[in-house]
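The two complexes that follow have chain A in common; it is paired with chain B in the first and with chain C in the second.
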Partner chain A sequence: MTLLQPGFFSSLPVQNALLIGAGAALLSGAAGVFTVLRGQSFAGHALADVSAAGGAMAYLLGISPLLGFFSLSVLGALALEALGTRRAAGRDLAAGIVLGAGMGITALLLYLDVTVKGSAGAAVTVMFGSLFATPPGLGRAVALGALAGLLGLGFIYRPLLLASLDGELAKADGVNTRLLGAVYLLLLALAVTLSAMAVGAILSTALLIGPAAAALRLARSPVAAMGLAALLGLGCAWGGVWLAYQSYGWTPGHVWPVSFFITALVLVVYAAASLARRA
Partner chain B sequence: MRWEIVAGVAALVLGGGVAQAQPVLHAVGIENEYADVMSQIGGPYVQVSAIMADPNTDPHEFEVSPKVAGELAGADVVVENGLGYDSWADKLLSGTRATVISAQQVRNLPDSTPNPHLWYDPATMPAVAKAVAGAFAAKDPAHAAYYQAQVGVFDASLKPWLDELAQVKAHYAGTPVAVSEPVADYMLQAAGMKILTPFTLEAAAMNGTDPAPQDVSFQQDLIVNRKIVVYVFNQQVRDTLSDSFRALAQQSNLRVLGVFETMPKGAKSYQNWMLNETKTLGEYLAAGGQ
Partner chain C sequence: MTAALNVEGLRVTLGGREVLHDVGFSLEPGAFCGLIGANGSGKTTLLRTILGFTSPSAGRVALGGAAGYVPQKLQLDPDMPVRARDFVELGLNGHRFGFPLPSRARRAKVEEMLAAVDAAGFAGQRIGELSGGQQQRVLIAHALIRQPKLLLLDEPLANLDLRAAAEIIALLRRVAKQGVTVLISAHDMNPLLSAMDRIVYLANGRAASGTTQDVVRTEVLSALYGYHIDVIRVHERILVVAGEHGAHGHEHVATIP
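Up next is the complex of A and B:
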């Protein structure tokens, strides 16, 4: 068995997949640290599920999937913010209700995609991603989105960390926690959108919280955790692309879904980090 | 019996005769191309309806409604494609009185046949027409001779298409082409085209599964480096990959041929639809070969 099937680096779909995977993993890893610290994993997942409706809508309208996913993801973030209460229990409730509504709309839009537009593979692509079959120009858009998201995160990093660790202290310090939370939700919406481009809406939470949770177990400071989470995510994304490319030789002519490999690697990374922590 | 044939043909020719003759049988074609052939065989004596007739949607993704179940329950004869293409119909048809004709069965094709789009194969419809006439005759013996005669009329009417295929083959056999999915492959092969697209890529597009990046690169290379003359795509299926290959083919100044999965609305008949697509292929080959 060769370590690298021929044509890996010269392959356009692979180059695109590596670029999109990198953008998604870097922003999701860094933003995910705050998601875990703030206990918003479920909210992140709800945003991802709502964004699926945007992905399905993009097929119907013939617009860029990035635009579709992001617009609905932002709408979901606003809905969460409007419904959300300060207490964790209320927040989960709001997330669950937004999630249900989002998936319901997704079911309707996917039905329309198939019956009106004849987009046969829409459901699989929206839910589980098709990293090797992305529209032209998506790679660059994802890279730009990731850059903007990382800059934004760097901008609000200090007050956000304070608010995430101790909301009362942050308020006493004059931080507008409500506004900060809203801005953070928008960044989260962007991270979820980019991840959905890579591994689909349903699986995008894996890239968001998996590497972040692993990094928080290993790193000594939140900044270090952000950097490590981004790198671990990148490793999972690129490793997944490489393994999927390799799988062409395992079952001749077919590749296993790249989303499977990425999420499997995320699980391995998290398990390894847990063991390392315990040892 | 002879005058009956004459009367039947005359009724067809006059057109108005359709209203006078009372349909005796009710028949259903799961796909509208089969329904078209059934109505050519049944003439005024068979009322035919089609279930999948919307050229904007992909029959692979069909969802069953109660109305469809009702239509199938009342049918005397049903033609389906087989090969898993319309397997949902089998469940609805079990227990009904309908005689079910499967294009796969009349062609004696094994279940493992990879390309289910049998109606693009010139050998399929003559076999289907024969089976349909037999089933009609069994259910309505009074008009058996008419149905049998219509098979001859139908077979003869395929000639312009078969001639066109033979002509394209004579001029352009071995010309390399690429496709988005297998829909028109049988026709392209009958016209002597050499399909360079890996079948695994065609199957991934048809089934909506992840394409192999190796296959995608291969196809991009075919298009960008103009190793093919015509790019053929299914107009009824829109997906990212098919769209991007088509855009690439246009940028590379290749001829792009859009084909239909089910019979399009403007088509006069099945044979006319096939003839037109083959003619367009011939024109593109003539222009692209320069």
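Up next is the complex of A and C:
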């Protein structure tokens, strides 16, 4: 058994995977801090599941998976905003309804992928990701999307932080919390889309919530938490790609799923942060 | 002199029920006023209408300048890494877009405000870890840092022990003496009576305003509640007792200034 596989950095699929993983992890980490602060983890998961319908649609129509995931994720964000209320229970209810509808559409589109297009592997790729098999040009698009998302988060950082801490107080201070919430949901849709590209729609919540929750336990300020969450997410994404690449030598001829390693590392990071906080 | 807050003929309907009926009062700059009433009397609705969160069905609210708002409590997980200092700074620039660059002048202003409310000693602590009284000081600093003309506080004493409540009242009294009009809502007038210039007393969505002696009288409160209320003065204390028709049993005991 070969423990360390050669050619990691010279492999084009690996380079593409590292680029996509970095874009997804950096934006999801930073956006995830607000998702946790606002108590919207379930909404994030709902958007991820709705984006799966977009991934399945991309297979059916033969369009870019990035466009497919993002368009449905944005539709999901708009639906959450339209159905949402100020109360947490109402928000969860809206997320549950949107999630259910999204999964239903995903089931239909994946069925059509298999029966009409003959894409038998679509379900696994959409739901659980296939980072080494993404088209070469996708890495650059994901990097640009992440950059745009990070700039957007930076632009709304202060009012978003205030509204995340207390919505009424933010309104009294002159913040349009409704518009801000809608813009944030669109940025969240982008983060979820990029994460879905990296680890699949079902598992993208791991990159969104895990690094952010760990960083919030360790950091001394929200800005530091955003930076730390992005770095922890990056470490998990790149570590997952490296471990998956090495796994070729553990079970010759087979590469273990990258998504498994990334989500496992996220779990380890969160557990370590919780222990460090208690210490 | 222009009023800091003028409320005229205010009617507010929520869910088909009129919550405030023809409420009117005026506050001068620097007034220290209590908005007193039992739970459900319409205090929060009145504050929300003054802040513009709720639209009245009739009447008007006129502010003499910017208003600052202090909610009852922040529901924050103690693990959230938001320090008291960060939160006060958000009062200064939390409504602005763009990522904040470091600023010595802004930092100095925040430190000055923290010192003014005696919060410098815990400025570096996470806000979710602070006691109720400490959190109130930080919330007040957040509201005051943009120098409002009017400060509205929603039940700031509700979760405080007697000592912390007295300290917050003394702080707010100082704020009022500097020319900021302070309106504090409270369901218990006990801690406030000795400090307030005047009160707005709400019952059944109706209001009476004036000094404590003007408002806390049998005839005024009986008219507000719609049944007989006894106001008894004993050993420099006021005892407000619902009469025998007062099925909603409402009672206050307070010290007259």
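Quick note on the criterion: the second predicted complex is superposed on the first by the 275 of 279 C-alpha atoms of A that agree within 3 Å, B and C clash if a C-alpha of one lies under 4 Å from a C-alpha of the other, contacts with A are read in each partner's own complex, and residues count from 1 in each chain.
The working rule: a residue touches a chain if its C-beta (ideal position, glycine included) is under 8 Å from a C-beta of that chain, and two chains touch if they have at least 3 such contacts.
Predicted, not measured: the structure shown is a model, and the values here were computed from it.
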Regarding the shared-chain residue A:L169, is it in contact with chain B (first), chain C (second), both, or neither?
second
Message: Going by the contact rule set out at the top, does A:L161 touch chain B (first), chain C (second), both, or neither?
response: second
For this session: Considering only touches as defined above, state whether A:R277 meets chain B (first), chain C (second), both or neither.
Result: second
Is A:S41 in contact with chain B, with chain C, with both, or with neither (first, second, both, neither)?
neither
Answer with first, second, both or neither: which of chain B and chain C does A:R217 touch in the superposed model?
second
Of chain B and chain C, the partner touching more residues of chain A is B
Which of chain B and chain C A:S64 touches, first, second, both or neither:
neither
Chain A positions within both the chain B interface and the chain C interface are none
Residue set of chain B touching chain A in the complex reads 56-58, 60-61, 63, 198-200, 204-206, 208-217, 220, 236-241, 243-244, 247
Interface with chain B, chain A side, in the complex: residues 5, 7, 10-14, 17, 59, 111, 114-125, 130-136, 244-245, 248, 253-258
Residue set of chain C touching chain A in the complex reads 51, 53, 67-69, 71, 74-76, 79-83, 86-87, 90-91, 93-100, 142, 146
Chain C partner, complex, touching residues on chain A are 37, 154-159, 161-162, 165-166, 168-175, 216-217, 219-222, 224-225, 277
